[in-house]
Structures are given as C-alpha cells and as structure tokens.
Amino acid sequence: MPTALVISAHAADFVWRCGGAIALHAQKGYDVTVVCLSFGERGESAKLWKEPDVTLDKVKKARRREAEAAGKALGVGDMVFFDLGDYPLDLDRDAKFRLVDVIRKVQPKFMLSHSLDDPYNTDHPYATKVALECRMIAQAWGHNPGEKVLGAPQLYLFEPHQSEQCGWKPDTILDITEVWDKKRAAIECMEGQEHLWGYYTNVAENRANQFRRNSGGQAGGRPARYAEAFQSIFPRTVDEL
Amino acid sequence: MPTALVISAHAADFVWRCGGAIALHAQKGYDVTVVCLSFGERGESAKLWKEPDVTLDKVKKARRREAEAAGKALGVGDMVFFDLGDYPLDLDRDAKFRLVDVIRKVQPKFMLSHSLDDPYNTDHPYATKVALECRMIAQAWGHNPGEKVLGAPQLYLFEPHQSEQCGWKPDTILDITEVWDKKRAAIECMEGQEHLWGYYTNVAENRANQFRRNSGGQAGGRPARYAEAFQSIFPRTVDEL
Amino acid sequence: MPTALVISAHAADFVWRCGGAIALHAQKGYDVTVVCLSFGERGESAKLWKEPDVTLDKVKKARRREAEAAGKALGVGDMVFFDLGDYPLDLDRDAKFRLVDVIRKVQPKFMLSHSLDDPYNTDHPYATKVALECRMIAQAWGHNPGEKVLGAPQLYLFEPHQSEQCGWKPDTILDITEVWDKKRAAIECMEGQEHLWGYYTNVAENRANQFRRNSGGQAGGRPARYAEAFQSIFPRTVDEL
Amino acid sequence: MPTALVISAHAADFVWRCGGAIALHAQKGYDVTVVCLSFGERGESAKLWKEPDVTLDKVKKARRREAEAAGKALGVGDMVFFDLGDYPLDLDRDAKFRLVDVIRKVQPKFMLSHSLDDPYNTDHPYATKVALECRMIAQAWGHNPGEKVLGAPQLYLFEPHQSEQCGWKPDTILDITEVWDKKRAAIECMEGQEHLWGYYTNVAENRANQFRRNSGGQAGGRPARYAEAFQSIFPRTVDEL
Amino acid sequence: MPTALVISAHAADFVWRCGGAIALHAQKGYDVTVVCLSFGERGESAKLWKEPDVTLDKVKKARRREAEAAGKALGVGDMVFFDLGDYPLDLDRDAKFRLVDVIRKVQPKFMLSHSLDDPYNTDHPYATKVALECRMIAQAWGHNPGEKVLGAPQLYLFEPHQSEQCGWKPDTILDITEVWDKKRAAIECMEGQEHLWGYYTNVAENRANQFRRNSGGQAGGRPARYAEAFQSIFPRTVDEL
Amino acid sequence: MPTALVISAHAADFVWRCGGAIALHAQKGYDVTVVCLSFGERGESAKLWKEPDVTLDKVKKARRREAEAAGKALGVGDMVFFDLGDYPLDLDRDAKFRLVDVIRKVQPKFMLSHSLDDPYNTDHPYATKVALECRMIAQAWGHNPGEKVLGAPQLYLFEPHQSEQCGWKPDTILDITEVWDKKRAAIECMEGQEHLWGYYTNVAENRANQFRRNSGGQAGGRPARYAEAFQSIFPRTVDEL
C-alpha cells in the first residue's frame, strides 16, 4: 500500500493547498498521513478570537475539530497533531526527531509541504526547511540504527496564498476533478476561515484551465474542471520522457 | 505510434546531449525525427578545417555523413537537414515556417532542444527560442488553416556543455543504461570531435549516479549506470503525484 | 488631461489583462490610447477558424469588431490597430517608428504592456521588448528633432495567463471594484474566447482578496471585490513612503 | 498622527541608510520610532576600540550617545535600544516579543529595515528576517489577545553598503533634498565612522541623479539633489497607477 | 604586447564605464582598441540637439571629436567608429562580420562591453549580445579559413548607469587611483554630458571604498581612492586561488 | 608563509570537493588548515553502519582515521575535528567562537566551504552560513580585543554533489593536474564511500575540459587534465584585468 506524507505548518493549510491531492491519492489506495505542526491557534484563527470567553485552549480544540473533520472528508489515514505552537512555529531537536520518527514510520512515496519562501508568513517556509532537514536525518544510517532508513521521496511544495510573492513556480498540475466534492466539503469544515472558501475554489478552477492548456491546449486538452498545482524540489527519475 | 522531435542547432548536438533519449524511445517504438538546423560546419568542425584542400562543401558533407551514421546508430526515424548555416545561425520567416511544417507533420509527443542560455554559443539558445516560437505558430488555427494544429507537447532542454554557466537546471533524469552501447556508437561516429567522447561518457556515468541518488539513495536506488538529464519548460499534467 | 498608453500584442489582450485599469483611469478623466499590434487573427481566434467559409480577412474583421466593442465598453479614448500580423508578431524599423510616433503623440503618464517572459506565447514578451525599445527612441532628442521628447513614464506589465511560468511578480494591486461591470461587459465582447470569461473573473476576485490582505489584512483592509495586478519596470520617484 | 518604525541591527545603520526618510517624514508630522537592536559595539566601532582604556561598556555608551545625537538631528520621536549584542546579533523568543510589543504600540504606517541578504554582515539580513517574523506575530489575534493587532504595513528595505552583492534592487526613490542638512548633521554625529561620511554623501547625490532620470529624464525630471532608495517587500494597493 | 578590446554602443560609454581600465592597461603597455558602434548621436546628445542650426551630421562630428579627445587622454591605441546609428542600434550580418574582423585582428587578452540587461537603454544589452555572438564567430575555424582564430578571452561587463536595475553584479574591482587624472580628463572631454561628471566621480570614489573593504577591510585594505567595477561572464582559469 | 582554511561540514567533504586545491597550495608552500565540524558519522557512513558490532564511537574513529589519512596524503598542515555531530549539524555560540578562534589563528588568505544551498543536505549550506558569520565575527575589533582581527579573505564555495540543484555556479577553475595523484590517493582513503571514487574522478576530468575551453578553447588552451571548480562570494580586488 503506497503512502504519502503531508507536513502542514498550521492545522488548515493542508486543506486549501493539497486537499485534492490527499483525497485523490486516498481514493487510489494511498495511506495518507498529515502532520499538523501547530493548530494555527494564534495566527490563523482571527474569527475564533473574536468570540466571547475565548481561551487558547478553546481555540486549539476548535481548530483540531475542524482539521479532523476536514481530514475525514478527504480520507486522511492518520492525522498527527504536534501542537508546537505557531506565530512563530519553532522545532527543537526533540520535535525534529519526532518528525523523523513519523517520516520513517510512514516511508512516504512522496511528501508535501509549503513553498520555500513566504514574506507574509515565516512559519510556512520554516516548516519546509524542517521537512528537508528531517528528510535528510531520516536517510541517515546512523540515526536510530536498525530502523529502516528513508529512500529519496519527492518533496512537492503546495500552493502558497500569493504565489508570485513566494517565489513558487509550479511544475506539476494534478487533475482533482473527480474528488472536488470531497475537497469542497473539507474546505467547508474550516468555519473560521469562510473568507477563503471562494478564493480556493477559484484557484482550483483556474489551475484546471491551466491543466487543459498544458495537456493539449486549443487542440483539445483533457476537460479537467478542478486542479491543484505543485512545485517539485528534486529531479524525477524516469524510464520514458 | 508515438513521436518525438529533436531540434539541434548543429549536426552533432543531438548525439552528445540526447542520443540516449533518442535510442531509448526509438527502441520503445517512438518514431523520432531529428532536425539539424545547420551542419555546424563553420564553428564545430575545427579538426576538419585543418585538413588539406578543405572546402566548406567538403566539411558539410563530412558532417552530414557523421550525423547520418550517428542517427542510424541511435535508430532515428527521420533526419532532416535544414542547412541554414552556423556561427551565427539565423532563421528567416520561411525557415521558421519550414520548421513549423515539420512540427505539424511529426505531431510530437515531446520536443527536445538546447538550454535557454549559453554565453559560449549563441546558436544554442537561439535554436531554443525558435523552437518555442515555432511550437506556438504550429498551435495557431490560422496558420495554414485545415492542417492539424499542434497540441501542447513538453519541450525538454538537453544538457549544454557547461551546465552551470548556461543557467540550466535539470528536473528529469532518464535511465539510458540499456541503450548506452548505441549512444557510445553514435558518439564514436563524430570523428571530428574525439576530444568530447570521454567527456560525455563521464557525464552519462555521473548523471546515472544522480539517478540512483534521486530514485532511492543509500536506501537502494535503481542501479542505473548511464543516464541523461533534462530541464522541462512546461508544467506536467498528471493524475497521480 | 492625463494620458495612458496600452501596447497590446493581440486585439484581446488589453481586455483580460488591464481592462479594469483602462476603465478606471478613463473614468478618472485619463485619455487612454490602446495600440493593438495585431488582431491575434492567426493564433488567438480558434473558434472563428472553425466557422464555415472563414478567411483571414473575416477573422481580422471579427476580431476588430470585438476589440472596438470592448474598447467602447471600457471608455478607451483612441484605439489604434497596427495590423502587423501575429504568430509571430514582428516589427520592422518603420513599424517601430510608427509606435514611437504614437508614444510621442500620447505622451503617456504611464504605459502598460505584457510580461517580460512567456514560454507559451513569444509574441507577448516581444511586444514588451519593443515597448521598451520604442520608449527609449521616443526619449531621443535626435529622433525627429523638434518634436516633444518623451519623459520617463512607468511601464507596468499586466498579468500573463500563467503568471508563475512567465516570471511575472506583481508589485502593484489596483482596486477596480467600481468599474468591474465595465470590465465584465468588455470581456463578454470577446465572443470567440468564452472559455476565458470565468478565468479572468476568478483572477479579478482573487487579486481583490490579495488587495484586502495587503491593505490591512485581518485587521481590516479595504473591501475591494475586484482587482488587477501589475509589475513595474522602473523605480517610483516619491515624496513620501 | 501617522507613524513609522525603523528596525536597525546596529546603532548607526539607520543614519546612513534611511536618515533622510526619517527626517523627511518627521518633518511631515510622522512620529518615527527607531529600534536599535544592538549598539554595533563589537563589530562597527573599530575606531573606539583603538582608544586607550577602552571597555565594552565605554564603547556602548559612546555609540549610544552618537545614535541619540543623530536621532535628535533627524527628528526621531522615540529611540529604543534593545542592547542585544552584535556580531552576532541574536534574538530569543522574549526579545522577539519585546519587538512585537513595540510594533503593536507604534502601529506603523510603514516599516524600514535591512536588505534580505548581505554576505559581509549576517546581522543585517538576520534583523530583516526577525522584522518579518515579528510583523507576522503582531498580526496574530491570538498573541496577547485584546491588544490592537497590526494591519499590513509595507516593509521597505534600505540601502546596504554594497548593494549589488546583497541582491538588493530598489523600486522606490525618495527625494530628501529638503532635509539633506539634517541627514548630513546626523551623519557627522557618527564620529567613529568618519570614513563613511563621504561615501553616503556620494550615494545621496547619485540616487538623486537616478531620481531625476526616473521622474522625467532628459525631458526634465524634478531637480532633486539628494535622495535615498528603497526596495519594497509587499505589493502596493492603489486606486490609481 | 598584450591587447584589449572595448565594444561601446555609443561614443561616450567607454569613458564613464571603463576609462580607468583603459588608461591603466595602456600605461601597463597594452594596446587598447575601442570600437564605438555608434556616436550616440540621436539618443545621448540632448545638449547638442538644443543648439541652433544643428544637424545629424554636426552632432556626429561633435561626438566623434569628443570621443577622440577622450580616447587620446586615456591612451587608446586604436579608436574605430562603426557609425551604425543608435536608438536603436542594429547590426546586420556585414556589420557583425566587420566586428569579427576587428576582434580577430586585435586578438584581445580580454574584452569589455555593457551589462546583460538595461531596461532604460536597449542598445546597451544589444551591444553585449552582439559582442558574445561575434566572439563566437571569431572562434570558428570555418569563418575566413586561414585567419588566426580567437582563443577564449574574458568578457568583462562594465558598470551600467543604474546598476541594480540592470541585474549587474560586479565580481572584480580594479584600482584606478594612479590613472584617475587621465580618466577625469577624458570625462571632461564629454562636454555635452556635463551632468554626468560628478556622478561618475562619485562612482569611482565609492567603488574605491569597496575595493578597500574587499582587500582587507578595517584590518587594513589597500588605500585605493578611485576604482572601477566589472562583472565577468566566463570562469577564470587559474593556478592558484 | 601564506595560509588557507577549509571549513568542512563532514569529515570527507574536503577530499572530494577541494582535495586538489589543498594539495596544490600545500605544495606551493601554503599552510592549510582543515576544520571538520563533524565526522559525518551519522549521515555519511552508511557502509560502516552495516558492519557487525558497530557503535557511534567506532564509526567516528573510523571516519577520523580516514580523514587523517586523506589529510596526510594532501599535505594538510593542521586538521581540526570539532566533533559537533551531524544530520543535523548545529553550532551554538561557543562552537562558533571556537571557529572564530581558528580563523583568527590561521589568518587565512582564503577560505573554502560549501555551496549556499543544497536541498539534499542541509548541513552543507548551514556550514557555509556559519563560515560567513564567523568570518564577520573574526573581523570585529570588539571580539576578544587585543587579538589580531581578520582582514577580508575570499570565501570560495567548493563543488556540491549535484551542482545545478544547489544553485552553485563556478567562476574559478583551478588546474590540479600536477597534484592529481595526491587527490586520488586521498580519495582512496575514504573506504566507506567507494561509490564516489569514480564520480569525482569524472568530475575532475570534465572540469579540466572546461579549464581548457576557458583558457583558450579550440585555439589552444593549456592541456590541464584534472581540475576543480569554485564559486567566489566576494569581488576580487585587482591591479590588472
């Protein structure tokens, strides 16, 4: 059974940015694990903080509930909450090794995380930096000798909020038409961020337009209606171009 | 029967840079067409020009012979010589439309050409610029209406001589182990450039090392022994990451 | 009366990419001139070419009608058709000097054209290259001495179809909410490209989301609902940051 | 009363790099706060360290005196010394939250800090990294709930010593002619770095030449005689181009 | 006797941008050839065009006089005027081959030309593009067989007017202190561009400051007072780091 | 006696990447110091970890032995093992100051370290980041006042494993033909990484081909047979181009 691993800085990131990839691969039989390094409780829960009698703990619980509901809608196999705090996110050595443990346990065929840069949100590129570092540690024969070391999974960077400001250039467009309903259902689980529902529906429609252009253009590309785009970090190794 | 199209500025470029890709896809049943825009007669035939009684015509004939022999060794389906002159290479509107005709006739599943930049050799990036322009024209419904327009084939950029100086970053590594003998045979057809035989054998060995690293690393990548690397211009459209 | 100048490679480009900017500035009292270097008759009129009894002339006329209707909807002051042909677009010295004449006559406060790169469509960056060249010529005291030379207008690059693939990074977001109806009306004039109506409506909505984020974020940005984004070529000269 | 916030790695940086912007905006009625994260006591006080009986404390005091005198000359509203040490500069979580407190208290209309890269001086880009991180934290509703959260102020990067080596590209040139005397007076407060007085006077004159070129060129730009240049991090949101 | 070759788009460029390098190498015994592709008669002679009874021919003559005087002050060995026209500069095949002839005749140890990009002045990067193309042709054994082919001289890019806007990053700083008087004398020959005299004196002083920093910093760099900076296109080949 | 300093993240890096530079400069009379920040015991010793009864300590000892043997073969003057651990490598303030002590003691004419980026191995760019930071601290008059401060040595970045993926662009190629035997002997000391012997021999041969091209090309470059390539961080300060 193939596996995939998503490393999400905050509890909701995996929904907007790769919910379609999760649902599609789950449907194909992948066991998809999502690690939420934080709940996004401080920085991405503005609506919740405006409620009466709010506390940090209540916000975290609400965010967890939303993320779990979204994960369920997408068919996530395992959802792991590291609860490391956000704005800023920070991983000490123990937290990194905990992430290495997950990577080794999952042995992902591919990994998903944030863009390499994001001037609006320094937690995002930090998560990716940690993902690369922990991928490397997971490959080390001298780390917890005896455990199965990691191979060389691709790291795909999912779409940031303002792509051009983040130096993110997609090289892979994935048709998510057949799982769009699941992604939209997951999106609607994020009640605290309703202002983003339409935004990411528009993104999915427009990436599908680009899918059609790149798969055949006016001469007849496949009629994808919803898509997600990704940037690869490592070269692909292939038998055929 | 799938097809592929190589656009080579000079008669020998296709051998060093994508001979393996040609041989491999030919073996897989692709009909591979190679367009040599020039023979490289002025700029890439130093050895021939040192022979007694040399003339431009003799050099062109010798280069053509070598290229044809190499193409045969690789299994090229069709070899087209545009004979446009080199150093500098220049295509007027008629020459571009002639290239459009070839593109439309071949309807390639993918195309191969040079890097986007090369301070040592301005013919190389010029050929790629023309390849992109002619790909666009071939997609135009108003160009020779009634002909079958082009879809949206990938353009792969093959490896330049000094990769880092040419801003070329490979994202695809192709295992050519099983056709290496054919590529080496084609390389040895280029008698006038024997100083490059070892160079490109080294390149193939080292790209294979990188193939192994990127397909599994120390944990066990596939034991490719020879490989070629390519940079893609357009995003891939996929059903699975 | 302030002026602005749009240099559009094909007849429809100005609609999708800066129709809002045109309408907004027209409404503010700018006299906006649009130069269409070609009608996009060969490359961007697929639907028209599928009609019975189509000819190049018919396509050009239909494209002209659509562009004029769109220009009217937007409040364009002057629409100039250079009719230079497309796919590929090419300007000889006379055509460039004709463009210089327009620039000098208009004396634009700012100019608008395409992105600096576009692997899908080489006409687009070519138009921008020409725009920069002609801006320079228009500044030359020795070109048609006695004419009023050009100052130093900003050149804004409007949004290409697949922004990240074109190396385009916006630095200016314009609120076009109050003229959105005009832009949508202009968009609907482009009957031959109905597949793009929704795409650019989505773009306008999402750029507005980015407007809100960059003008105040969660703390309360202005409630723009439609926006356009632009990249500047030259530094701004200001009295206040 | 509008506000601005300068985040300076060392006590003197704000003088050379944005003294004109400070003086100009102070004169326009802005309340400008300058945070000096360190005194530059270890790394930017060579002359002081050559004095007899020098101690770290004496150097810090001297640097503070100079910075305060410069700030007074420029019209700085509030000068805050974090005294965190330099070469290397390092902020722990408490120091970052202290900076967040300042940002929230000031609620700046815009912020100023260093370039994103500087191979000569790693404290500089580190300060900018921290500025972006603290800007993000200041926007978080869950950080010190009840406080007024930050909007989305622009972050301008002021000019590094060797601009091209630092990947810094200015997009905004500010005319500081009318406050040049104040900037020069502030510069002359930095007695320990007299070798830089002429350098930054030259920079101001040459940036003014560029101001003139970009505001009208040969056709008649405004006769600015002194200017400062800045790079913006975020897109501007505008009503008019 | 070693040789050097400067390829200057307009008659004055070589003065501001590499006058020091010319004078210094001439003094060291180099035979320095300067090719002025145009006189800059249309675009860089604003002051002359404001004179009464001006004609194109008069402007060209005046510019030639100034350039010759400057060349003499610098110790230029040979000054070649191609008189190809400017704004825009354009070289057909014959003009390129004429430049190849000069390159082959000079057999330069190194070449000097403009930056690779310049949005203000498209003649500048065009000259560099041609310089690279003609360097390549001069290396071709099949171009005018029998002539001595060119080796692999470095191409240094001299400083553009607004360095950061031109993507120019210097990697070599040359101490021109001992020939500064000659460069200043040459600068003062350019009577039509007096507004640039101070600018390039400031540049020379500030590049000298950078020379001192990079040759020893506070620990004692060489006391250069005037310098010029250059960007190299090709890697250096060395025996010692 | 001139000096040089190599900062190597793991014990073997200095062998593959700059063994030739070390041997060549040692032969020229340089006193070369190599700092190994770690032994690469966890991440770069896969073969050793597959041996029976292996322990971390045994791996470190074996790696140390190999590195010392290699250093001896190359003529290293002083080999310093910081033993800081790898995968991930991390330096606290004390470790950085220890490195500053070495830099100040050595007073290197030039330094060597890793590329600025490496997605495969985050220890590598981290080592370079630290090298730049410690270079800066070593220049500070206020750090350990009384010690001799550092000048401004060049920092050369040696070749990473997959150069194009690491954004590394060489600008300096060093002929190591006369010390190749020493480098090969040092390479063969790394018994645990035999899979890399051929790879780096190929690299040396191909960099020599590039040396020949850049020192004269077809017109006759020096017949270097083995070379190493480097990227410089800082501009060179020169008396002659």
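To keep things simple, chains are lettered A, B, C, D, E and F as they appear, and every chain counts its residues starting from 1.
Definition applied: a residue touches a chain if its C-beta (ideal position, glycine included) is under 8 Å from a C-beta of that chain, and two chains touch if they have at least 3 such contacts.
Since the model is a prediction, treat every value here as computed from it, not as a measurement.
K.L.:
Starting from the Cα centroid of chain A, hunt down the chain whose centroid lies farthest away.
P.N.:
For chain A, the chain whose C-alpha mean is farthest off is E.
K.L.:
For the pairs A-B and D-F, output the one whose chains share more C-beta pairs in contact.
P.N.:
Most C-beta pairs in contact, of the two: A-B.
K.L.:
Starting from the Cα centroid of chain C, hunt down the chain whose centroid lies farthest away.
P.N.:
In terms of C-alpha centroids, the chain at the greatest distance from chain C is F.
K.L.:
When chain B touches chain C, do the two copies use mostly the same residue numbers, with over half shared, or different ones?
P.N.:
Comparing the two copies, chain B and chain C contact each other through largely different residue numbers, since under half are shared.
K.L.:
Where the centres are mean C-alpha positions, what is the separation of chain A from chain E, in Å?
P.N.:
So the centre of chain A lies 52 Å away from the centre of chain E.
K.L.:
How many angstrom between the C-alpha centroids of chain E and chain D?
P.N.:
36
K.L.:
Taking each residue of chain E in turn, which ones touch at least two of the other chains?
P.N.:
46, 120, 139, 141, 165, 170, 210, 213, 218, 234-235
K.L.:
Can you give me every chain pair that touches, using the contact definition above?
P.N.:
Per the contact definition above, the touching pairs are A-B, A-C, A-D, A-F, B-C, B-E, B-F, C-D, C-E, D-E, D-F, E-F.
K.L.:
Quick check: in the complex, which residue numbers of chain E touch chain F?
P.N.:
4, 21, 24-25, 28, 110, 139, 141, 148-152, 154, 156, 170-175, 210-211, 213-222, 224, 229-230, 232, 234-241
K.L.:
Please name which positions on chain E make contact with chain C in the complex.
P.N.:
For this pair, the touching residues of chain E are 41-43, 45-46, 49-50, 54, 56, 59, 86-88, 90, 119-123, 165.
K.L.:
What does chain A use to touch chain F in their complex?
P.N.:
Within the complex, chain A contacts chain F at residues 93, 96, 129, 132-133, 136-137, 139-143, 145, 155, 233-235.
K.L.:
Show which residues of chain D lie in contact with chain E when the two form their complex.
P.N.:
46, 120, 161-165, 168-170, 195, 198-199, 202-203, 205-206, 209-210, 213, 218
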